[in-house]
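Letters are used for the chains, namely A, B, C and D, taken in the order the chains are written, and counting of residues starts over at 1 for each.
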C-alpha cells in the first residue's frame, strides 16, 4: 500500500547505498526530481539500471552515485553522446563504471521476468551478434518441446524502482498515460518503489492508453510538479528539447559539470528550487 | 489489415475444417454469434482452444464441430456442468472428444508465448499436481543462470482466433473495455483472426481500461449487435444469467439439445434471427 | 438452522470471512470464497483488495458475481488488467497475501481435487478442472480453503491432485519450490481445521456452536485428529448475519432481474 | 547541393522513402530512417503503419520526433502499448514488414555496429549501443538501412557486430534461426546497394544523379562490387522535395519553440 510522503523522506527511507535502482521512463516521464534527490542525499555505489540512461543517469554517474550501469542505449537523444557516461567508461572519472549491456528487447524481457518472479526470460535475439562475448548475462536455452535453441537473459530484480506519473488519487493509486514504456514492469520487478506524480486528484478521468499502478503494488508516492523536467509529462508540459541541447556543453566538461551540479542540484533544497535556479541562468525555455 | 465484412463470409473464408480455433472472452464478450455461424456452416474436426469452454463450446461440441478441446476450466459458471462437454468426454457423443487440460496460468502463458512467437513459456506451477501425468504438454526446464527448475508449456498458435468487442472504427481498429481477459493474446497468437463488434463508430472515446487491437493485426471485422449474448458487452447489455440457467436442462438431454440447435441455430439465417427465435420461446429475458 | 437463527452455511461463511485481515490482497475463487471475502470487505476488512482471476484488482462488487468475470467486478475496480498479468505480475510475483479457494475434494494434507472423481480416462464425475486454483495454491502467501464437510469431500485419497496443499505432509511442500506457504486453515460447516505445525495433517481446532467432534469425524473420510485445545467458534454477530443476508438478497434480486 | 537544387542528403532521404511500400507495417529507427519513413507516409504511402520502439503503433507525427518517445508519436497513434509488447507481440511475432535502421558502421554483409569503435574494453569511440536494432534486424520481414557512405562507416571489419545482416554471407544468416530475411537494401548519399542473391555481399546497383562509381568505391572500406545493370536513381520530384523540406522546417520550428 502506497504512502503519500515527501520525496526527501521517500528517498531517504527507500534508497540505500549499494542498492540496484531502476529509474525508468522511455523519453516520457523520466523521474529527474527523484534522481536529483538521490544525488543530493549523496547515495553511492548504486547499480543503475535503465534501458536508455539519458541525461538522468549522466547526472547521477557524473555526481559519483554509480558503481555499475545496466543499459541498452546510452545517448542524448537527437543531440549526441552522454559525456559523463563516456568519461566514466573511458577514463574512470569520477570513478570506474562497470557496464552490462543488452538490447532493448533483452532489457524489456528481463524486467518482465522480474515482474513475473521468474529467474529468466527467453527471446529470439543476440545470436550472431558480439553482445554475448562482452555480456555474461546471456545464455542459450533449448525448447523442451521442439528442441529449438533460443536465448535466455536473467530477470532484473532491482532493489528500488523509481518512476514519474501524471496523477495519483488519495489512496495512492497512480495513473499514467501517453507513452508508458517499461514503467509498469520496472515497478513490479523491484522490491521497493517510489513514484513521483504531477498532482493528486480525487478521481481519475478516462484517458487514452491509460495505465494504472494500484496502490497495493507501490511503496511511496510523492507529489513533485514538473518532476520529469526536462523530459515531458503528456498533457502537462512538453519536452524541453533546448535543455537537452544545452546539456551537451555542460556535460562535456568535468569542472563545468561539477559546478553545475553544485549550483543547481546539491546547492538547492528541492526540485522547485532547482527549476528556479536553472531558469535564473536562462537554461529553461518553458 | 482488417476488412469489414459480413460474418458469414468471414467464417467461410477464415475457418476451415480441421483448424485449431480459439474463441476467447473471459465471461465477458464471448463470441457466441461467430460460434453459431461455425455451427451453421457445419465446420468439423476442429481443435477448440479456450480457457473456459462455457456454453459456447458446449454448443459447438454438441453440434459435432470438435475433435479436441484444449482448456483449463469447463463448467457453466454459477450453474453446474457443461452436459454436452461431459457427454462427449464420458460417452463419446456425438463423437469422441480428445482433451488437453491445463491450469489458467498455463493456458494464459501458452497464449503469451504464441503471441510472442516463442515455442514455449515458463511458469511456477504444475509441480506436485497430477496434471503432468495426464497432460503431455508440460515439461520441466532449468534456468541457465540459477539452476532452478521450473515448468515449461508449449505455445498456443491457433489457426484462427475469434473474439467479440464493443466497437470498431472505419479502418478496422477494434476497441474493447471492461474485462478483456486473454483476448489480445489469443488474437496475436493466431495465424488468422475474426473480430465481431457491437457497432462501428467514427472515433473511439477514451474508456477506463480500454484495449485497442490495431487493424493491421486483424483479418476480418464483422458487425453483429448483441453478438456476445447470453454473455455480456460492458456498457451495451448485461449477462443474461437466466439463459445460463435455462441452458442446463437443454444441454442435459441429447434430443432436447439437437432440437434446440436445429430450431435456434441451424434453422435460422443469422444471429439476429437466433435472438428472435429464442425470444419467441421465452428463453431471453432482455 | 441452529437454535439462534442461523444456518451452518451462514456460520461457515462468517467464520471464513473472519480469517481475512483488513488491508490484505486477496485472490478470490468464485462461489463460497467470494461470498466470505465480500462479507469481510463489508464488515471488518473494508480496505482489503479483492482480485479475481478475470483481471480485476480491488474489485468492489455490490452483489456477488455469478461468474468470475461479471461486469460488476470491473465497474469500481482500482484496475482491470489482462489474465496473463493477473497470474504473472500479481499471483506468481507474490503480491497476493491470501488465496481464497473452494474445492470438490480435499485430503488430510489439504491437497485439492477439482478435476475428476474416479479414473481420469473413465471418470465417475467430470469436474470443471483446474482453473486458477493450482497457482493460487502455489503462490498466494497463505491459502484459506472453505468447503462443506462430508465423507465424499474429505477423502483419504484424492482421485486427482489438482492443487497442492502440503503434498505428502511434513516438509514435502517446501521441496516443490513454491513461493507460497500453503493452506493455513480449512473452514467447513462443522468447524475449523488447521495443519499441524510439524506433520501438516489437518487437525480440528475449532467447532462451530452446536457441532460435535463425533459428527465432524463422521463427516471426514480419514481418522480426523482433534486438537487438545479445541475452541468453539463465536456465533455470528447480528451485523455479520445482517450484512451476509443483505448481500445474498441483493445478489438474488440482481440475478432474477439480470 | 547538386545542379538542380537538392542535396545528396535529400536525395538519400527521397530514395529511402521510395523503398517503403504503402500499407506496410514499418518499425522506424530515429533520425534519418524516421525522416524517410515520414516522407513516405506524407507522399506515396499514406496507409503505412509506423511503429516506434517506445510503443506507438500507427504513429502520425506532424513533425519529426527528436527522440524515440516524443509525445507527438502518441498523440494520433492507433494504439500505444508497453515496450515489452512492441518487442514481443509485434516485432518478434513477425508483424513488422519493414525495419528501417540507421547505423554507425556497416560491413559488406550488411552487419551493423552501433556499439563501439575500437576495442570494447578500451573504446576509441563509445557509441550509444544496441537499442532496438538487433531485434529489428533479426525479426522484421525485411530491413532497409540508410547511412552516409564513407570509409569510416563502410568498413571491411566491424569493431563490434551489434545487429546481424547476413553474418558471414551466403546462407550464414539462415543458420541463426531468425524469422526475418535480412537487409534488402542500403541507401546512401551516393546510391543504392543490394545484397547479391547468392553471396549476400552488398553490391552497388544504383547511383544517385551526379554520383560516380569511382566516388562510391572511394567512400567504401572494402572493394565494392558494382552491378552490371547499374541504374540511375530518379531525381527527387518537386512534390517529394517540397514535402521533405516542409517536414524539416516544421520540425526545426517546433524544436526551437519546444
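As a working rule, a contact is a pair of C-beta atoms (placed from the backbone, for glycine too) under 8 Å apart; a residue touches a chain by one contact, two chains touch by 3 or more.
Owing to the predicted nature of the structure, the values given are computational and were not obtained by experimental measurement.
Asks: For the chains other than chain D, what are the connected groups under the touch definition?
Replies: one piece
Asks: Determine the set of chains touching chain A that also touch chain C.
Replies: B
Asks: Rounded to a whole Å, what is the gap between the Cα centroids of chain B and chain D?
Replies: It comes to 41 Å between the two C-alpha centres.
Asks: Averaging over Cα atoms per chain, report the distance between chain A and chain D in Å.
Replies: Distance between chain centres: 28 Å.
Asks: Residues of chain B that touch two or more other chains: which are they?
Replies: 117-118, 123-124, 148, 184, 208-209, 212
Asks: Which residue numbers or ranges of chain C touch two or more of the other chains?
Replies: 79, 88, 92, 139, 179 - these are the residues of chain C that touch more than one other chain.
Asks: Go through the chains and record each pair that touches.
Replies: So the chains that touch one another pair up as A-B, A-C, A-D, B-C, B-D.
Asks: Touching chain A in the complex: which residues of chain B?
Replies: These residues of chain B touch chain A: 117-120, 122-124, 137, 139-141, 143-146, 148, 150, 152, 154, 204-210, 212.
Asks: Note which residues of chain B are touching chain C in the complex, please.
Replies: Interface residues on the chain B side: 26-28, 51-52, 71-75, 77-78, 81, 85-86, 89-90, 101-105, 108-109, 111-112, 123-131, 133-134, 148-149, 178-182, 184-185, 208-209, 211, 232, 234, 238-242, 244, 285.
Asks: If we count contacts the way the header does, which residues on chain C are in touch with chain A in the complex?
Replies: 23, 25, 49, 57-58, 78-79, 88-89, 92-95, 139, 179
Asks: In the complex, go through chain C and note every residue touching chain B.
Replies: Touching chain B: residues 30-31, 53-56, 66-71, 73-74, 79-84, 87-88, 91-92, 115, 120, 122-123, 126, 128-135, 138-139, 160-164, 167, 173, 176-179, 255-256, 258 of chain C.
Asks: Show which residues of chain A lie in contact with chain C when the two form their complex.
Replies: 1, 115-118, 171, 173, 184, 188, 212-217
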